């Protein structure tokens, strides 16, 4: 009995190795950074509001067994195109955001459909394929935004178009929709401001996921995710289901990017989407999710832990080493190193689980 | 383990402990790999006013190297500075994208903090909406003055080297147009040459290789009385190297500094003189003259990035102390001059080309060009004709 | 009971009928002129050795796509009176034929209910269906659980419909699979492919009784099993396949275990049997294996102890998946293993292939393409590679071994030697291994092992996938190297007759344990009984292990 | 059945387009340029006011416009109202309230003089 208790505790440690490691690191970096609790809480609230939706967009492909969808940058790009249009038309506030979302939907569907089809030809290597796919679509995005917009696609606003007559400027000021959602219902607890409307939207989406899992489509995705062959044999259209999961993820990533950028207030036309996939995935992994299993609590835990590290580590590094620059490198080391570590830990964990599953087949020795 | 924890906690406490300075100035710059001069300017201030950690006045942090993708980090870095109750001014040099948003957030919580932006990357109207003061190198006046200087140095042709991404920057693309117009007016031949973007797949090495191979051909084609100019920092070093070897002229770099390209092109080590610009200038000058480049190569005697970080810091301190006012040109010049003995500055308020509105919080500045083996050329006192201000 | 059954046999409707069904995979004929019928409520037992054609027959009946892809089949199949030709399992399901596969087609993270009703879920309508299609209707879980429970109840087992497959013992998974087939509204025929292979004794009992229940409801069942006792217990009629031919169709009441085993393996082997069997019991023990377990997926070895005498050829036989292949793989350190292995009275470190090779053992793997050969290299390389690596033979050393150089001349000589000895059909040592035929590749593998000059050679499935002529050559080579060079050989094979022809003693492995060791001269039926786990001693042993010792 | 679904899908798409149109109209941002400059209305010269406070859409903080000045207000959507306080010697001399709707143009010019004088064309797209 004692040994099984010990073992299950060990299993628990293994299962939550990544978040535990992060909590451990945070215990060091928080006091080292010298930030006030108030600032940190505010920062975490802001980051929960702006990043959670993006991370949520990753859930559905995981359910469908397609791993971590690095291809979500496709959706981010679609969202940005929506934002460019509404900025050009000067549609502001909540209606502007909603319209940007509507514009992004068909683009996301199309991109998601392409991604799904390509990933169906690369079964088992979805993650790296979607990663590379992101680069490829990025090229097309740049072509459209830098050469087509203003020429083939009418964009009139001189604040958007380069003076040469075509191409969108490097940075776009999103003042029209800046924090329109966050400030729609704003609540102050102490000195911490809470963007209630954004959280309502996020929780609505969580409920959507919970509901979705209970639909026939959600059930099929779970089946496909766990065993493609069995699902196929049962007559579930596997490829189609996988494409649908990519489409949903891409559309949601587009919405997520719009929510993200309305909080940021500035759109880096050519770069804002670069790190979306990487950071969302990192946050999810740090929350204790794996390539094949992720829950809603993973998301919120992950966003908080990852961004806590992100906010505190540069200052902690600076204070520890004494040089501003090294603080920045410390942050990079921590944040990217941790992604690598959590992926390795995942592989190790899976190995352990497999070994454990076969344990009873082995001799008594 | 326990010991380590204790040490860490104590050092954390030390950070939190009250410092002696009455107020703090936050400075955000790039790292050495991105923009060394900006960072040296901050170190110069720390040297004078002390680091916050040691009870001084200056709190220096850096923004991410990969700043275009990591805007989130830039914003929180800036906002994080405002968490310090003694913080009275924040200077961001260069004010990369995200600075405006960072400033907006600081303003929301701490309206008392002065917000200064050096060399903003965001559109002038955008940064003006958030910053108390924004400083740009005067791309309008320099568009004319570089050509003016080139003519004075005896150039017949002016070659402008760039690539599409840079030409998508409003400031760079507008300066190019002004240069072309100035060439026409002053009787120089204007040539636009394209070189690969170092941030593309070819990389810095590939882009530099391209310049190394191409310059002899360009000199062959346009003659030795040709002044070259490139918009990209990575292109500068190989360009200078080849110009020294094959002839040709160079007025000043995009972000002029004696450190910009020259040490690498000349193969001299200036690390011992870090931050001491008169020493750097004379070392570079001696080498240029030795290689026969006298009167053919120029620069700003003091780095623009270095002076901007230090000068804005100095200005902020003076303003907080009540010794200067933020939007007075002479006060700004005096703060800048503190770090650039001997060199003169000129500047003007930025005027929006579309509306003709003159901004009260956006100043364009430039320094007199220094020609090696000859001295200051006097461009700071040249009147820039009105017409160039309106060229878009 | 048997007479009663045969009486009403003619009165009941025929559910499924095969007429002159035959199938060949290209040149290889696997089924020939099969005729049988299955009636309502009847349980038909189907037996045969590995490779007798059982699986192919079932694939035809279930419409597996592999059949159509390889040119279809001959003869005709009728469901009821309707001739059918299935192109996919879905068409078979449509006609009411369900199949329970040997490998579970269950989703581990799903509950029993979810698996039973996979893609046949009960759903609620909601308005989103109108916009986005049926798949957005929500699942009606309570009703599904009820229906899943009902299907499980029909089988008479006590499994919670909410239980996760991953948490189930293996037997429950089997029941879940069957329940899925039952749940289909129109199921008339269920084909069960070795359903009891993974079950404990008690579970098997329950399964058999639930099969009887199903039969009473009028469902026809085709039951494939290697456990002849079970077949006799449950089936009404038994058909025996051997080498693709239906050799016997009898009422269960007229058969017994020994008879069936004879029918199954009863053919005469035409390969020349080496007569000089070694019977020297006093021979020196070369290898001693005690309580060996090997974690090799699909070939798990649980607890095996045996001895190998110097100079003999020991055969390891048994049905596929029972663990016989796991034994050499475990000893050679290719899969995680435990237990004690002694070679010449010294302990052999497990899980360390290099050490084992150094001790003087060599292994010809059953996995020629994966482990055995460097397909894109020359024969020279293939034959000498291991010897170079392990023994540092055919290597010239300079500067006191600091620099090692391949001795190409020696390698060439070695290769041509083996090409001659083994009669390898090739253009010479420079040819690439992948260009050779299967038999010749096998010989290269043997040559590679021989080049190590091992004292003990493990050969695993040496004749798999090669034609009859090549088989004989390979077996001859093994035999000759044993008799002429005194190399001790442990040979694993699925073909009993092959083992009987080459080996001195044969060990039969069943369910990861040794079922028995017999001299090769023992009658083949005895081996058959050992393999099928029906020998009395073995059965008893199993019951003891299952904690069900019969006191009476 | 299929047909019905097609119709539903069509209706949904149309509804989405409709919603987009509504969002476009109610979210459209405009610049409202408010002029306090001397003007000639029907041949009569109207001087600029000394100081005017304009409250746009119930804002708490007014836009303060000096004599001969033009200021800018950002507004969104078609329906607006403004409250104008005309100050003389630092005291509110006159208060006016106006409701108005704007079209889809980007920029509108509002002349305070014309409002006070009761003219119709006080708001012109620009």
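Observations, loosely collected:
Should a chain be cited, it is by its letter among A, B, C and D, assigned in written order, with residues numbered from 1 in that chain.
Keep in mind that, in the parts below, contacts are C-beta pairs under 8 Å (C-beta built on N, C-alpha and C of every residue); 3 or more make two chains touch, one makes a residue touch a chain.
Because the structure is predicted, anything quoted here is derived from the model rather than measured.
Nearest to the overall CA centre, using the mean of each chain's CA atoms, is chain A.
By number of C-beta pairs in contact, the leading pair of chains is A-B.
Between the Cα centres of subunit A and subunit B there is a gap of 35 Å.
Between subunit B and subunit D, the centres computed from C-alpha atoms are 42 Å apart. Between the Cα centres of subunit A and subunit D there is a gap of 40 Å. Centre to centre, using the average C-alpha position, subunit A and subunit C are separated by 46 Å.
Looking at subunit B, no residue sits in touch with two or more other chains. Subunit A has no residue in contact with two or more other chains.
For subunit C, the set of residues that touch two or more other chains is empty. Those residues of subunit C whose C-beta lies close enough to touch subunit A in the complex are 89-90, 105-110, 114, 118-119, 121, 123, 134-139, 141, 291-293, 295, 297, 300, 302-303, 336, 338-339.
For subunit B in complex with subunit A, the touching residues are 8-9, 11-12, 15-16, 29, 31-32, 39, 42, 53, 60-66, 68-73, 75-77, 79-80, 83, 97-98, 100-101, 104, 121-123, 125-126, 129, 164, 167-170, 173-174, 354, 392.
By the touch criterion stated above, subunit D contacts subunit A in their complex at residues 16, 19-20, 22-24, 26-30, 74, 76-77, 106.
Listed in rising order, the residues of subunit A touching subunit D in the complex are 86, 89-96, 98-99, 102-103, 176.
Within the complex formed with subunit D, the residues of subunit C that make contact are 130-131, 133.
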